[in-house]
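Chain IDs A, B, C and D follow the sequence of writing; residue 1 opens each chain.
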Amino acid sequence: MVKVGIIGAGRIGKVHLQSICNYVRNATVKTVADPYMNEETEGFIRSFGVENVTKDYHEILNDPEIDAVLVCSSTDTHAPISIEAIAAGKHVFCEKPVDHDIEKIKQVMKALEGKKIKFQVGFNRRFDHNFEAIRAAVKEGRIGQPHIIKITSRDPEPPSADYVAHSGGMFLDMTIHDFDMARYLVGSDVEEVYVQSAVLVDPAIGEAGDVDTAIITLKMANGALCVIDNSRRAAYGYDQRAEVFGSEGMIATANDANSTAVLSNAQGVTGEKPLYFFLERYMQSFAKEMACFIDAVEQDAETPVDVIDGLQAVRIGVAAKKSVDEKRPVALSEID
Amino acid sequence: MVKVGIIGAGRIGKVHLQSICNYVRNATVKTVADPYMNEETEGFIRSFGVENVTKDYHEILNDPEIDAVLVCSSTDTHAPISIEAIAAGKHVFCEKPVDHDIEKIKQVMKALEGKKIKFQVGFNRRFDHNFEAIRAAVKEGRIGQPHIIKITSRDPEPPSADYVAHSGGMFLDMTIHDFDMARYLVGSDVEEVYVQSAVLVDPAIGEAGDVDTAIITLKMANGALCVIDNSRRAAYGYDQRAEVFGSEGMIATANDANSTAVLSNAQGVTGEKPLYFFLERYMQSFAKEMACFIDAVEQDAETPVDVIDGLQAVRIGVAAKKSVDEKRPVALSEID
Amino acid sequence: MVKVGIIGAGRIGKVHLQSICNYVRNATVKTVADPYMNEETEGFIRSFGVENVTKDYHEILNDPEIDAVLVCSSTDTHAPISIEAIAAGKHVFCEKPVDHDIEKIKQVMKALEGKKIKFQVGFNRRFDHNFEAIRAAVKEGRIGQPHIIKITSRDPEPPSADYVAHSGGMFLDMTIHDFDMARYLVGSDVEEVYVQSAVLVDPAIGEAGDVDTAIITLKMANGALCVIDNSRRAAYGYDQRAEVFGSEGMIATANDANSTAVLSNAQGVTGEKPLYFFLERYMQSFAKEMACFIDAVEQDAETPVDVIDGLQAVRIGVAAKKSVDEKRPVALSEID
Amino acid sequence: MVKVGIIGAGRIGKVHLQSICNYVRNATVKTVADPYMNEETEGFIRSFGVENVTKDYHEILNDPEIDAVLVCSSTDTHAPISIEAIAAGKHVFCEKPVDHDIEKIKQVMKALEGKKIKFQVGFNRRFDHNFEAIRAAVKEGRIGQPHIIKITSRDPEPPSADYVAHSGGMFLDMTIHDFDMARYLVGSDVEEVYVQSAVLVDPAIGEAGDVDTAIITLKMANGALCVIDNSRRAAYGYDQRAEVFGSEGMIATANDANSTAVLSNAQGVTGEKPLYFFLERYMQSFAKEMACFIDAVEQDAETPVDVIDGLQAVRIGVAAKKSVDEKRPVALSEID
């Protein structure tokens, strides 16, 4: 039985709490820490039978009974808390992105060196049933050599301009999942990035120095070409699709909906919209990533998403930004 | 917090145990009873934090702390145990069918008379996301007046001839869900039943006096016509679809699959098979029916599937059998 | 080059005229006859380069240059004109139904006896790309032994009560295509018919002594069960689907639409309605049946739909009517 | 009745011949010319009732009875023959591309200046039912302002290296259709082109100086971003899809198949592959473009695809080539 402490009881911290309590049979959550802990949150946490609720995450790091820590705090604290946790000998599950700053990710990597610490980054989409099915087909050679990867990733609603200002920009906040997905789907690194982008959804996003619409072309190390298209707002909800085309065929996924029901009437033949909210769409993937992390801890196995994966996605994001600024393709080797 | 006792720790008893522990926040399972309780089962039950595990279900009935009982024992004991539980003042969730014998169901109805006892029958498919979507569309008038109801229900594998011999026959064992579905989808009773059936899957089923393939036509009280098609074996897995056609349109559902992935290659364009096993296909519906039962108990509200629903489905099943025997349409009014 | 005369220049006669002129390279239409020939129709016919346009179909029967005749006149004249044409040594393509009266069809059969005359009945749906794909899969054994056949056939608009009065009833007018389809899809005859029907679309149809909604169960000679569902009015257009389920799998078709375009917006994910009108939906099948008829004539081969097919579909229709009248399953052997 | 002469009796010339003879009621083909005319081709042409068959296209240009000319000869002769035809006062339908050389297209434009000559370029895909449905939805504002355009265009088989050497390269030979499609779907010009490409299908294509796989990003004048993905070989056949995403929704098309039949068995749920060959896939569009050209001639209306459309697609193709050579985004304004 793996004993877990959760640092950060915001939306994603709560998701992981639920996942462990409801789905993961070989772990329990002993302590949840959050500096802004309030009564409502505490009540929610306690309803899952969690013993300790605190404002100070050091209670977790100092608790010798706790094996593993979930870092679900604000992005700027991911790296320093991870480093503290590693120093305390805890296995770490760190939410994405590890940091916006490549240097800080490298410090985490350094902290991990020579340690028998498990470190997993929260790229939950790798554990989604649809994307897993693509990955499996590619891995089994069912599409032959991959030639073209296409990822569509569109949010149902843009974030507030306020959020945008502190988000690190669309590429590090939103597209980062897609960068990781490109690497995951074909098991290859990215060599070059070109971005064509625009502000078409909300001028306030542009005023905050960001973009809201983009076509991103990646050249992969294995020779495949990848294209990601992003929008901060899809009127029909959360659009999350992918396709890998190769020498022997193509594997593609569609969106998930709440039901398969289709209404045929004088207006047309109408199915349900995609699941609207990322928590609906990806709930099962959050549970599965947690189960995989706990298994890696318990069985002393490799985590399925490691710190290098965390680093590479950020490097691609930084290259994407540079491509926008300099209006040219940017080699990943230009980014340290 | 509703305290629950589970009588019967077979496959379906375990499903309800998991549902309550993982999804239903306003209930706990205090005791599980099964005459064949063994170590493995006890270990499984205890891993959910259940206090009492016993071979004698009277421990549950005699426990004044327990509010509600789930009757998950063998079919022939559903009615007598339900009656005992009602006498003990427990709310009852009874697995389907309440009994093969209409007389015994009427005894349960009598036991309920004048009591403030909640009674729910385990027609879980009413809580399935796809069938709920049809029901909602029909109820909201989106297809106008219902004219034609079509239900496809095909199992992935036939039961053993042994099982068949004690199952009450395909209509009471398998089609009973579809009879309830017909009533549920359009909110109307059945008036007449005609069956055309055959033994096409396994001669042993015929030798056991049952059929394995059937087309069943129902005339509904609201004037709609319904057709159910059944097979005990679909090579591609569990086939569970429905369609309601009305004056303003049609609402139809497809099967659920594990993912939306589609492989295009030289052989064709291939998607995944339907979810194969009823527990995969209907897991979410089992959780939801349990949540609804607990809510009905806690809020003193009507249960969504009551003893009359349990009775009617069996009456239709008995009429179906009679239609096969007498090779003619049978009015439901002929069946008491 | 097969020389063709067309008797009857109504809607279906014009369809065949176009098919032969535009698609069938080994035939020409020499003469078109219609007692109600008017200027507009004549102009239309001449625009295809047809030499002779007449009111008297005997000009066709007496023309030694004409090899084959298309009987596209009113239903009550199909049999007598066919018999005249056979006597004149012409090959005959006869629109469906050959007659409502089984006796008259038998007279046609008698006229054909011992003659080297090709006779084809206009069950065009056998030549539809979708239904051909089902038939091919069944024939190739890709679904194993057929167990269940399902045919959905719903019209976009009900006929006028006037039309209904002279139509021979829904089973001989509309379902007759589906009866033929059942036989075609699995290559087997029908043994028993049971109908559950209703008047749900238009009371005037009921007043004219007909039904507008039906579920028809057929028992096939090969042991398979078949169900046809009919409605005289589908709000979303012409609904023409079929499914054959067997020991090794299922083959099913969906409706055709004008395009594959799907609109996703805040209201849902909406595709186009099925092609609305039977001429849109089945145009290609009309062309193909004509090409097959001409080929059979030219190559002295069997026609793909013969007079027995014409007879059997009518017998099933008559049995269906009897089933409604007598509220019981009717064996086909009861119908001569 | 428009009298037509066809110059070039290769594959595409024959397609147009058939289209006019079978579908276009207000035109006839009087003469077909081809320098390589042989008996077989002549027989084919004469079977459509064409009067004159010749090796010398001047017979067409000098025939005062002929109103319109279809230029279906080899690409290098499109421009000069068009210019001759214009000088002879003939309306011109010119196959794509007008020329690989922008200068020559400008000479055609000059020849047209001040003349009442109709000139249409053979971008047949604009007349495809699926792409027309997208265009209509965009035009009617059903997806709001267009933000992202996605075009997938993959051939079933690569051309021979020999063909590649004289094709003008993939962008002018194959992608040119997609460039026109991008402009057509949203009714906007292209401002900038960036290409990421590779040789993944056949090294011989690379040795011939061309690419066989590409991701092409376009910036449109209306602010939308477009991405085209191309491959010279899709194992599952001809892949022709498009999607336009906008402020209010998305409209997308799938491939056409020969039937809607889907086989469900132990291996999965398998539909048919896309129509394999461009003539199958686009036959209806070829007929429609011809009908539109003839209508424009007959009614003295604008042609739906004019010489500017022909010019722009080539300019984008030239920019695409430059982008590959110079590994940078290329503004269309750089290309004259």
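Please note the rule applied: a contact is a pair of C-beta atoms (placed from the backbone, for glycine too) under 8 Å apart; a residue touches a chain by one contact, two chains touch by 3 or more.
Since the structure is predicted, the reported quantities are computational estimates derived from the model, not experimental observations.
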| item | value |
| --- | --- |
| Between subunit A and subunit C, the fewest steps along chains that touch one another | 1 |
| Chain copies touching (subunit B, subunit C) - same or different residues, decided at half shared | same |
| Rounded Å distance between subunit C and subunit D, as computed from the means of their C-alpha atoms | 39 |
| Distance from subunit D to subunit A - Cα centre to Cα centre, in angstrom | 42 |
| Centre distance in Å when subunit B and subunit D are each reduced to the mean of their C-alpha atoms | 58 |
| Shared-contact residues (touching 2 or more other chains) in subunit D | 234-236, 239, 248-250, 263-266, 272 |
| Subunit B-facing residues of subunit A, complex | 22-23, 25, 47, 129-130, 132-134, 137, 142-143, 248-256, 258-266, 272 |
| Subunit A contact footprint on subunit C (complex, rising order) | 234-236, 239, 257, 263-274 |
| Residues of subunit D defined as touching subunit A within the complex | 144-145, 147-148, 150, 154, 192, 194, 196-198, 200-201, 213-215, 217, 219, 223-227, 229, 231, 233-236, 239, 245, 247-250, 327-329 |
